[in-house]
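Both complexes below contain chain A, partnered by chain B and then by chain C.
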Partner chain A sequence: MRMVIIPLIGLLFGLAVGMAVNIRLPIQYAAYLSVAILAALDTVFGGIKSGLQHEFDHRVFLTGFFSNTLLAAALAFIGSLLGIDLTLAAVVAFGVRIFNNVATIRHLFLQRRKIPSHQ
Partner chain B sequence: MKQWPRTASNSALRRRVVASWTIVAAVFGLMVSVQYHDVTLGGAAIWSALPDVASVSSRLAAVDNVNQSLMKREAGIMRRVLVLQADAIRRGGVTALVERQLHAARVLAGTVALTGPGVVVTISDGHMSGPDMARFITHDWDLRSVVNELFVAGADAVSINSARISAQTGVYCIGPVVRVGTVRLGPPFVIRAIGDSSVLAAALNLPGGVLDALRGANRGLDVTRPEQKRRIRIPAYEPALLAQTGEAQQ
Partner chain C sequence: MKPVSLRALFGVSVTLGILLGLEFHIDRTPSVQAYTSYLSQSEALNAALARTAVLTAALAADDAQLRALEEVSVHAKVGLVDLRQELAKLRKQAGMTTVAGPGVRISIAFDPKLPIIPGLSYVDEATQLQIVVNALQAGGAQAIAINGQRLVTTSSIRSVHGLSANAGPFSGVVQVNGQPVLAPYEIEAVGSPGRLVTILTAEALGQQFNILEQSFTVSQFRKTPITLPAYSGPLPGQYSTEVGI
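After this line comes the complex of A and B, so read on.
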């Protein structure tokens, strides 16, 4: 139980800090944060899935979270420099992955066989 | 609820797993709430759904930056040119004559800042009372009359607040503010003039002259006595971009 409570407290702490601190995003960076959030959400769902599948590795999880997030934002940034809308690619790719992960998590909860995913 | 790997029975590993989840959850929460906060406040994050707008906006900001830095470079080069010019005048010879004429032309055009003796006069609005408040406001023609008087009295350079009056500078009321050239100004209006300060002061102090006309007519305008000063600095005429952002070279 403690393994769920402590990360939840961390989540609430992060939410509270973000709400309390008045950070105004410069308009040119707003799109990158939204892509980064999408990548982060994907990693979190991936972590839950691998936890349920007894394949969770905290090193993979931690490095994956930060590298995915930064890479997504960096790709979007490079895309904006080159006039290629890579934000759209990130939204589609991470969107598909998130839906796959959530479906797998649901199946695992319902004690069914794992459905095939893109991973 | 969550099932953890069997190897995690090792408590050190368990702790690391919890720590990694906590770090990720905290960072994720921070990112989400920053974005949410910005969206609810109507900030820039709203545009993240419209990357086109964000991209155009960032490009505009970039072009603006380039323009600003070019103008700063131009100002730096201009300063160096002026230093070299002053040097040439000091050395004398044929070039000195040309350079002196060029300097005089620059002063007349208002493209260089000028320092010297002169007068300062400040005009402030009167206190509004009653329906005929238009009388208590400083108008463009009030400023024009003072500026004209100063030029007639032989001023080399005149400025209103931060705006240098050049040959192309129009003074005109636009709604609540007075537009002087490209700059919009509000009261109090500090008018500075470089020239023979005693002559300038005498011209302004003429009984029944422009300042008396402003003080009279029951308008309640607050017009200071022209103050003669040894050293007044009048800025160069500024192009619109620099003037509006206030990053002009001084």
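After this line comes the complex of A and C, so read on.
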């Protein structure tokens, strides 16, 4: 239960801090931020999955979170320099990973709750 | 789950929350065009270059038009000078300016010493003055005035009967340019004094006035110029208004 409550509190706290900060970001940075958020979500879902599988390693989790986030933003930035929309590559890659992670989480959750299947 | 893992999870959640919160601060209504890629910047630059060529052509066209307008303006200035000269000439011809030059002055006054045609009780003064004016014009007078009233092409010399208390057959009131003119009369004319006197003599106007009990004296101004005033009365069309077409 703590594994759900603590991240939720942290998310709300971070959301409040992010909204409270007085800053105006130009539209040029929207793509980078969006891709970074996508990478961060992927890492979070990956962390939840590994937590449910009892394989959670905070080092892997932290390094994965920051490296994925920064790499996604850097990829989008390099793409804009090269004139190639590399944002799409990051969106596709992280999107697939998020769906896979969520599917695994769903399966693990169903198995843990012992919800019988129709078969 | 280990406490360090929970702290890591908490830190990541906070970071993710901050990222999500920053998403709300993105200014999605930029005042200037945003360039999200190098290609879009290149396209914008190409478009700007193309627009520069068009604007340069438009600027050249505007410059040409400006030069044309300046030339027209110069012509207009010359034309304005010509028009002003023409106006001055027309004003002079129309009698709107003072005229000075050699000429004659004819003084017509009642003189009881002169004989009069028996039984004559009334003479139309306007007609008599018109005869003198016609003779002066025939003699080449450039300008004529009766008692300071300048005669122009629209001038009139009329008799108003019965309003004068003057003695003699000249018993009316003459109106020149609509203004009353009383005897004695002084008719001034600018022109060649010799020709004017000659025609007055040829027409025997002096004798005609003398038998009407009027003295007829002609003074010549050869070296000393005689000055005639400008016409100051109403002009044709002054009180009329244009009817809508």
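Definition applied: the second predicted complex is superposed on the first by the 107 of 119 C-alpha atoms of A that agree within 3 Å, B and C clash if a C-alpha of one lies under 4 Å from a C-alpha of the other, contacts with A are read in each partner's own complex, and residues count from 1 in each chain.
Operating definition for what follows: contacts are C-beta pairs under 8 Å (C-beta built on N, C-alpha and C of every residue); 3 or more make two chains touch, one makes a residue touch a chain.
Treat the numbers as computed from the prediction; the structure is a model and nothing was measured.
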Three-chain arrangement built on chain A, chain B and chain C clash or fit: clash
Contacts of A:Pro26 with chain B and chain C, given as first, second, both or neither: both
Chain B versus chain C as contact partner of A:Gly47, first or second or both or neither: both
Touched partner set for A:Glu55, first chain B, second chain C, both or neither: first
Touching partner for A:Leu82 - first (chain B), second (chain C), both, neither: second
First, second, both or neither for A:Val17, with chain B first and chain C second: both
Which of chain B and chain C A:Ile9 touches, first, second, both or neither: both
Chain B versus chain C as contact partner of A:Phe65, first or second or both or neither: both
Chain C-contacting residues of chain A that also contact chain B: 2-3, 6-19, 21, 23-31, 33-34, 36-37, 40-41, 43-44, 47, 51, 56, 58, 61-62, 65, 69, 80, 85
Chain B residues touching chain A - in the complex, by the definition given at the top: 1-6, 13-14, 16-38, 41, 43-49, 51, 54-55, 57-58, 61
Interfacial residue positions of chain A with respect to chain B in the complex: 2-4, 6-19, 21-31, 33-34, 36-37, 40-41, 43-44, 47-48, 51-52, 54-56, 58-59, 61-62, 65-66, 69, 80, 85, 87-88
Chain C-facing residues of chain A, complex: 2-3, 6-21, 23-31, 33-34, 36-37, 40-41, 43-44, 47, 51, 56-58, 61-62, 65, 69, 79-83, 85
Chain C residues within the chain A interface of the complex: 1-2, 4-28, 30, 34-39, 42
